[in-house]
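Okay, so subunit A shows up in both of these, paired with subunit B first and subunit C after.
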Partner chain A sequence: MAQDNNPQHNDEKKIQETREKFLKDYNKKREVESPDGQKIEVEPMKDYFSQQRPQRKDPHKGVIEKFLNWARSESIWVLGFGTGCGSIEIPPLSSPRFDMYRFGVAMRPTPRQSSAMIISGYLSVKTLKRAIRSYEQMMQPKFVMALGSCTINGGMYWDSYNTINRLDHYMPVDVYVAGCMPRPEALLAGFNQLKKRIREGRAEGANQYADHFDWYKANQKKIIKDWNMPDYNW
Partner chain B sequence: MQDIVDKIRSRYDVSEVTEQRENLTFVTVEKDQVVPLLMQMRDQEGFSHFVLLTAVDWIEEGVFQLTYILNHPGKKVDLGIRAHINREHASMESAHHLWQQVATYQRELKEMFGIDFPGSPRVDEEFFLEGWDHTPPMRREFDTKKFSEQTYFPRPGSKSYDPREYMKQKLYCDDYEEEQ
Partner chain C sequence: MDLLTRVLFTLLGLFIILNWGLLMTAIMRKLTARVGKRVGIRWYQPWINLVKLYSNRNSISHGVMFQLGPVFRLLGGVGLVMFMPLIYGSELFTNFSFAGDLVIILYIKFFGMLGMALGAGEGGHPYSAIGVSRGLSQVTTVELPFTLAVIALAVQYNTLSITEIVAAQQGGILNWTLFTNPVATAAALLSMLGIFMHSPFDLHKAPNEIPIGPPTEYHSSYLGILRTNAAILHVIEAVLFMNLFFGGATSWPMLIVKTFLIYFISVFVGVVFPRFRIEQSVRWFLQVPLILGIVAIILIL
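Entry: the complex of A and B
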């Protein structure tokens, strides 16, 4: 992927202005009273969220990494996050007919517990904001599977004013499953592809995100106009 | 239905009447008569159910066409009330005091078409889009393709074909070669 072809370096001052404009009241700097009656100044964006950038975590060497990758590939825990029309293809996967559990794939309710994220169709800008927050909260190593032509090139929403065209400009994607929509069988094939990729040690999306963090952030901030959250939240 | 249209004609400046179906009629009135007409329909004629409020952008004529659709639950008939408002500084009298849910439609129209409804509750808050700072996207002067190309990193290398020629080529290749 060409990483540095369009670095949209946003002006720091402009970002600060936007943030102040769209920041929610409960995230604004304010003075609160503690239970003991003391006045405390709270700045939620600094006090409640970490300011640290994502860190690269180099893979282990040799047989240890191979063993870990085997373990990761055999227990893919998927975040229950559905966007677009593809989310309706995921519930049948857990039914007896397709039975994703035989591949070691299970659904998890929170980002902290999951290792894989399925972007299941078109992403509006509004949803992308939530998807990025969920993605950043997931633990390393994390994998992204993108369903449908919408995540590849926009699909039938290619000229829409509020759906993105290419997902890989906003978060690193490991496996694309083509189709409109892909059937559950295609999803299973995608999971097998993802497992293969993890075992080969090529599923380094989280490290890629950390390495090219500025590029991803610039792309995200280009379209998310009301940026009222921390740059990186985990 | 005809008697209601006659009643409307006798009191308001009706410029057009369209009988769409047996149970659906559209009447076009002046902009400032819409809210009194809605109120009369609701209170005296029994059109108590408000169905929808929508807008159409007639950019060639320079107007927005607003359509309020009312339903008579007893007679099972619909009445559409239309009005044209100017596209420049588009503004319309709010009807949220007649039905609460009108306010939601008005918020949507404010965001999607930029039609202002002064006095309507929460009309200036963002309804669906977050932080939108461009032309309202449903206005026809807004070029959605151009906007998408500038904003969303289109994937290079896409081709488009004339569907008619392409299907001839792919599906009926024998005939196509003969034609050539």
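Entry: the complex of A and C
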């Protein structure tokens, strides 16, 4: 991986050690006693979370999918998730000057209800973990828009010890909006590009993520040292 | 009239109410946007949102109650339509109303909310729990003045049938409950602000605070059902107020105009006032509207 400059990141044994170190006590395998004295073995990472991998969901065929894609493109619900400096460019979108609602774009506070995610600038290692969790909790079909040069090649944080360089090694990106930082107008243009892409039926990022799940996971685990969560977050 | 015709016309009424509810939601969002000097959503946005939500490719479940929550909520909305006489004087659109429909409507109005509370509770998100506890405690205090006003009406007209209450108000604007019993109307209209849950009283979802409250974990078709139901509820609760206090409607255009104006009251108040906190809201409902409700009862006895 070109973006990984730190030799320590590639030491498998060290990764395993730190992973065990960072797994919280309540997530470790242990024995608990039930109210009537029974001993039960609990392994939270297996018992409380689904072990299922993401499934590929094939689109419908013909006119139906075209109509549904039109509806999806005209109703883009964006997850209110801000990373880096670009997050300050998003709030003006709902102000009278830019008014994203007239394009069918709205903000949603929860990943379950949103269909698009904006990675708004540099992603630190700590935030990457949260971004992945949120992305995986979104319902299919889901779209990712990346702002700024930081998400394309690292930008001014290219040799930082604490940020990732190429976003599309960690999650499938539909649209990049270049700039440092892009203004809200550029974001609106990005939304129009995203709409075009959805209408053409090319925004199948969720299926791409399911198809190449192992590759994405390997990349993510190389960066995130304290992996104290299940492999796929429902 | 046989049962099949009755069912078919109830479904037709439900269809009209659903579409009018979606259009009304869009118009109100447009109005609030104009107040903020924005252009706002397009008038057909609610329909697109529904298509999108119902066509999401996957959905997950947190358990049986989680799945039943939206169904119960929809049952609340559809049940209200079923037992509500929509058009006065039209045999086709009186639906399944009967002699005691006022009581069952008061019950069903609360039922959907309870089902939703159980479903949202199983979703397990902390914001859902906060939203549910706030919403239920507010609704409990809202129901008090509203029920007092309704009891005052039942005593005044000596009936528990909505059709008869509407019939008693026919023959001129001065026969409306609004003029024959202004105190009860005031109590009910103030508690209506809490029933529609617009801005000063939208603390169960509290945007920017506990982002959307109870439906935090709901997505895809679950959320689609909730949104469908919200559109139905907005209209049918306005129809309830129209029937009880504003002389009912004798035709569909009149129903549309009256429900729009009634719903507009709560939107207007919502645009002007910022959100209450829960203790302020509960205290407010237990002061002005409750006292008005008690006065209405005392005056009618």
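The rule is simple: the second predicted complex is superposed on the first by the 205 of 234 C-alpha atoms of A that agree within 3 Å, B and C clash if a C-alpha of one lies under 4 Å from a C-alpha of the other, contacts with A are read in each partner's own complex, and residues count from 1 in each chain.
One rule holds in what follows: a residue touches a chain if its C-beta (ideal position, glycine included) is under 8 Å from a C-beta of that chain, and two chains touch if they have at least 3 such contacts.
As the structure is a computational prediction, the values presented were derived from the model and not from experiment.
A.B. asks: Taking the superposition on A as described, I'd like to know which of subunit B and subunit C A:M156 touches: first, second, both or neither.
C.D. replies: A:M156: touches no partner chain.
A.B. asks: Would you sort A:E74 into first (subunit B), second (subunit C), both or neither based on which partner it touches?
C.D. replies: Only subunit C; A:E74 stays clear of subunit B.
A.B. asks: For A:K129 in the superposed arrangement: first (subunit B), second (subunit C), both or neither?
C.D. replies: In the superposition, A:K129 touches subunit B alone.
A.B. asks: For A:I88, decide between first (touching subunit B), second (touching subunit C), both and neither.
C.D. replies: A:I88: touches no partner chain.
A.B. asks: For A:R112, is the partner it touches subunit B (first), subunit C (second), both, or none of the two (neither)?
C.D. replies: After superposing on A, A:R112 lies in contact with subunit C but is clear of subunit B.
A.B. asks: With both complexes superposed on chain A, which partner does A:K222 reach: first (subunit B), second (subunit C), both or neither?
C.D. replies: Touch partner of A:K222: subunit B, not subunit C.
A.B. asks: Applying the document's definition of touch, where does A:P141 land relative to subunit B and subunit C: first, second, both, or neither?
C.D. replies: A:P141: touches subunit C, not subunit B.
A.B. asks: If you stack the two complexes on chain A, which partner ends up touching A:I40: first (subunit B), second (subunit C), both, or neither?
C.D. replies: Neither subunit B nor subunit C is touched by A:I40.
A.B. asks: Where does A:R102 make contact in the superposed view: on subunit B (first), on subunit C (second), on both, or on neither?
C.D. replies: second
A.B. asks: Within the complex, which stretch of subunit A touches subunit B?
C.D. replies: 6, 18, 22, 125-126, 129, 152-154, 158-166, 169, 219, 222-226
A.B. asks: Within their complex, state which residues of subunit B touch subunit A.
C.D. replies: 129-133, 137, 142, 144-145, 147-149, 151-155, 158
A.B. asks: Show me the residue ranges of subunit C that touch subunit A in the complex, using the header's touch definition.
C.D. replies: Residues of subunit C touching subunit A: 33, 36-42, 45, 48-49, 51-52, 55-60, 125, 207, 211-212, 215-220, 223.
A.B. asks: Okay, in this complex, where on subunit A does subunit C touch?
C.D. replies: 55, 57, 59, 67-68, 71-72, 74-75, 80, 95-96, 99, 101-102, 104, 108-110, 112-113, 115, 139-141, 206, 234
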